[in-house]
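Quick one: this structure, given as structure tokens, is what I'll be asking you about.
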Amino acid sequence: MIDILRIIVDFTAFYSIYLMLSVSLNLEYGYTGIPNFGKVMFFAGGAFTVGAIAGRMLAPLAGIDLSKLDYCMNNVYVGSLVSRYLAQHAGLALAVFIALVIAGSLVGAFLGWLASYPSIRLREDYLGMTLVVSGELLRIVSLNYDPLVCGTFGAKTPNPFSFLSGFAMDFTRSAFMFTIAMLTWLIVGRLVKSPFGRLLKAIREEEEAAEALGKDVVKVRMKVLMLGSAIAGAAGALYAFYIGIVHPSDYAPLRTFIVWVMVIIGGAGNNLGAAVGALIYLFVDRTLAIAKTYMPVLPFDLNYLTYVFLGIILILVLIFKPEGLIPESLEVREEIREEASQ
Amino acid sequence: MPLLMVENLKAGYGKLQILHGVSLNINKGEILSVIGPNGSGKSTLLKSIFGLTTIFDGKISFKGEDITRKKPHEKARMGIAYLPQTDNLFTKLKVKENMLLAGYTLSESEYQERLKEALEFLPQVKEFWERKVWTLSGGERQMVSIAMAVLRKPELYMLDEPTAALAPKIARTILEKIVQLRDTFGAAIILVEQNAKAALKISDNTLLLVAGKSVFQGSSSELLQNKELAQMYLGVK
Amino acid sequence: MVSDLRTINVTKRFGGITALNSVNIRVEPDSIVMLIGPNGSGKTTLINVIAGYYKPDKGHVLFNGFDITGWLPHEIFKTGIVRTFQIPRPFKKLSVLDNLLLAVRSNPGESIINALFRAEKWKEREREALQKAYDVLELLDLERVKNKKAAELSGGQLKLLEIGRALMAEPKLILMDEPVAGVNPSLAHEIMDHIVSLRNTLRLSFLIVEHRLDIVLDYVDKVYAMSHGKVISVGKPSRVISDPQVVEAYLGG
Amino acid sequence: MFSIEVIIDAITFSNLIIALAIGLTLTYMTLKVPNFAHGDTAVIGIYTAYTLTIMLGIHPYASMPIAFLLGGALSIITYILVYRVIGQKGGSITTLMIASIAVEVIIRSSLHIYADIMPKITSTFFRGFTFSKYDFSIPIGEATLPGVLIVSTLTITGIVVSLYLFLTRTKFGTAMRATIENPSLASTLGVDVEKVYLVSWFLAGGLAALSGIFLAFQIPSDPESGWGLLLRVFAASVLGGLDNIFGAVLGGAVIGFSEILGIYLLSKPPIGLSPAYRPAIPYLMFILVLLFAPKGITSINLKKLLGGEEKK
């Protein structure tokens, strides 16, 4: 019984992270038409923020003098001491958790602002390539520049939920993550139903006509990329805390691909589609991961087969159901209409 | 039997109807000029005959055969050459490469023979034989595109504003060449012209198009004497 | 509503071609002004310069005395000049109603913060906009299709929607690029009737580029004829179309 | 300033990037979409050669024609099954790019599965191998020229020259260039546009697989090698303007040389940068090119030099 609960709790944590990523890509691509092929960069931005700051910032509190020892060589040790310290200070631990998630989203937003510079000027194909390359550039720098997240060592992240233990800890952590993810989903859902969401679709459909109607297209695109990247950054921070270590090689372009799979299968331009897409992906992924432990030993890593399947499914959807499972809906604006007729 | 016959053609782009019933006839060895203010559907008429628009209603027959629903390349093979106003040449390619492509479907010996004919007709083309098209002037380009058409020996030429944006002197040379096309090859030519006066001078018959409808159809001299031409042309009455 | 547009010696070159050569026009308050001329005479270029899509090489565009030369399209919109496109550019996947609502001037709901947290700021505005949109729908006879995707409209309806969006924007001056091209004559006359009544009731001004002289001429106050980037004739419609220079330009002398 | 070894490295590496950039540009010109699976096609060539070497004892250089055919065939298959279908259904550029990324993931993951399975059959590692032990070398004076330098230089020169002759001297080659510029005009003249596209994709895939083999003579290869190559090839092709094959040659040379010579200089004192930053050089160049010369170096210079007209 506890096994199933554990699986559900673990699933919820992952779902929270992927939900945020797919919601943010859907906002950018589905609603505004920005093909963000560098999603992983903003996700990494948030995770690196946690990896770079958390251990170093809290070490003095745990009684460690970082001037006397090499942080990167000892960061696992430092991390566990910090976690032990946080276990005694639940309030501080949660404050650190929230603060770093916010910091991660700010860093994401900053990277989004940087990326918006080319994204305003470039055609979609060039933009796609640029964002992929930028993401790889960040990964190479982070792999080799130790002061960031200790390069190939990776940086241990302290566990802000160490004041609890066992299932209670896992449950609380997942509950926190899920709350943040649901809030994000609801907020974005509210946003895309508002006149702002309508404006995004208009820019996606006909940029010049939107300009002719007085819309500052450049500024709106910039805002969207910053908001989407802030969400991705927060997701990265949550992921860093959840996994317990930030390792640059974890932030490979394949992650971007997975988010695209979720958005396309779920249905671009529909906030519910993003949630459903993430659910479907995660269900397939987790089921296979669990099945793996019960299966006879395969002559190859099952993950690769999963990716082959995902790729094929994605192509089939693009060919036969390009609008996704839950297509974009036509906004009828019932509520306001009724009020208006009164 | 006329070479080409268009009956009550209604056509446009997607849902947008531009032609609201146009009819015309043209015989071998005849120049028909299509004139009218812009926006009246002159270019659309040529495109529709060639099969590049949505046809809602009407009939197009060529040499007695119904070609209303035929595809452009089939019409090209039947002997209709359509020279659009722009994008009628490969600008990044040399003139000689453009000519080679005009004879793409011909055998080598046939190609050489036709090329000789085409260059006899338009000897000027030899002067810029090795140059890339984008380095040519507008008039030179027009020469090349006519030479490309001649190479394919069509029975019907459809020329969309061949003198647009050309200096008057060069425009006259092009119009002279068009007359020669008729006289040398006995071809039929539909000529869309903005410059109505110049077109009327060289054409046998004229079709005046206003707002997607044929307003006048008949001999050019008749129209030239018509005092109300100007008013009709402007589409005021 | 005040609206006085002038261009002063506006010149625009593309490469070696002078598309506009020192053009001076004026659209007086409460007037319908028409631009005519053969292909390539520079009419649409002039519209694009006024609407901010091109920057002129020389000259000025003045609106109500303000120099708006070189402003960006969305800045020009804020002054009260609204344009329509020759080929309609609807937001295809949005409903007709949403297409209209999008044209609302400085909608507070189009900011992220307001959209999320200050519904009271924009709901009211949205309600007003909706009332107005219904008026526009009725005016243009588009009520039946209000909840259809714009992509499903006919060509004529798209033309009307294009005008509808301009009306929603509380314009002072509407620049219209071929509003009745490709529209059947009875609808075209209706559109022109609307334009006249808008001029009379809302006191809007119009600058219209159109080739369908047969339809439009009767409705306009003043005509500018252009040829090769220059204004060659100006005045009452009847005068301009009988001007030998204009006829000559059209026939290509 | 540079030792002969560094120069040799730079030439060999540039040859590879040039060959790949030519192929990427060819397919880009047909669909206007960057083919994300292009780098993986090169790795398919590597694995083809490696498998033939391990199992049949065929020398990697001798496998080049087989790799060429296999890469070309695979490239055509993906074009027909994926890009053409989506294109005909009216898919946007972004849709085609997503599909291309999906193809990339499928090929790369399949290569991983292959690299997992094969060692169990052949008892040999299928990751991190090189062909260097199969290479020959020619001593010239003080230096030793590795075989891959000679073979790759001859091959790439041969390819560029024959491609040039094919595109400019043959009727079909001329038709290819014409189709790329204006497909609808070409089709009205009787050119089979579809055939042109198939040939382009075949050549692109074939060239990639064939030249991929050179990479394994220089550095250890595995299924991930294609991704890093791809991004360098993006840089090279974009630098070349993505609209002409000879721009791709120039772009490939510039990127290849800057990477090898650049990291050599930067890793020496006083800077002493870690050589692991090597890929950052082409990536940075890519971003700079897009920000400051988005149409590529060749297009700008050509236009200014020849005083050509502006084209929309």
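Labels for the chains are A, B, C and D, by order of writing; each one numbers its residues from 1.
Just so it is clear, a residue touches a chain if its C-beta (ideal position, glycine included) is under 8 Å from a C-beta of that chain, and two chains touch if they have at least 3 such contacts.
The structure presented is a predicted model; accordingly, all values stated were derived computationally and were not measured.
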Which of A-C and B-D has more C-beta contact pairs: A-C
From chain B, the most remote chain by mean C-alpha position: A
Centre-to-centre distance between chain C and chain A (centres being mean Cα positions), rounded to whole Å: 44
For chain C paired with chain D, centre-to-centre distance based on mean C-alpha positions, whole Å: 50
Centre-to-centre distance between chain C and chain B (centres being mean Cα positions), rounded to whole Å: 34
Residues within chain D bordering two or more other chains: 309
Interface residues, chain C side, partner chain A - complex: 51, 72-74, 77-78, 82-85, 89-95, 97-98, 101-103, 105-107, 109-112, 115-116, 122-123, 126-127, 130-131, 134, 147, 149, 165, 169
Parts of chain A lying in touch with chain D, wherever the complex brings them together: 29, 33, 35, 37, 117-118, 121-126, 128-130, 132-134, 136-137, 140-141, 143-144, 253-254, 257, 260, 264, 299-301, 304-305, 307-308, 310-312, 314-315, 318-319, 322
Chain A partner contacts - residues on chain D that touch it in the complex: 32-34, 82, 85-86, 89, 91-95, 97-99, 101-103, 105-106, 108-110, 112-113, 116-117, 120, 227, 231, 234-235, 238, 274, 276-277, 279-280, 283-284, 286-287, 290-291, 294
For the chain D and chain B complex, residues of the former touching the latter: 171, 174-175, 177-178, 181-182, 185-191, 306, 308-309, 311
In the complex with chain D, residue positions of chain B that touch it: 72-73, 76-77, 82, 87-93, 97-98, 100-102, 104-105, 134-135
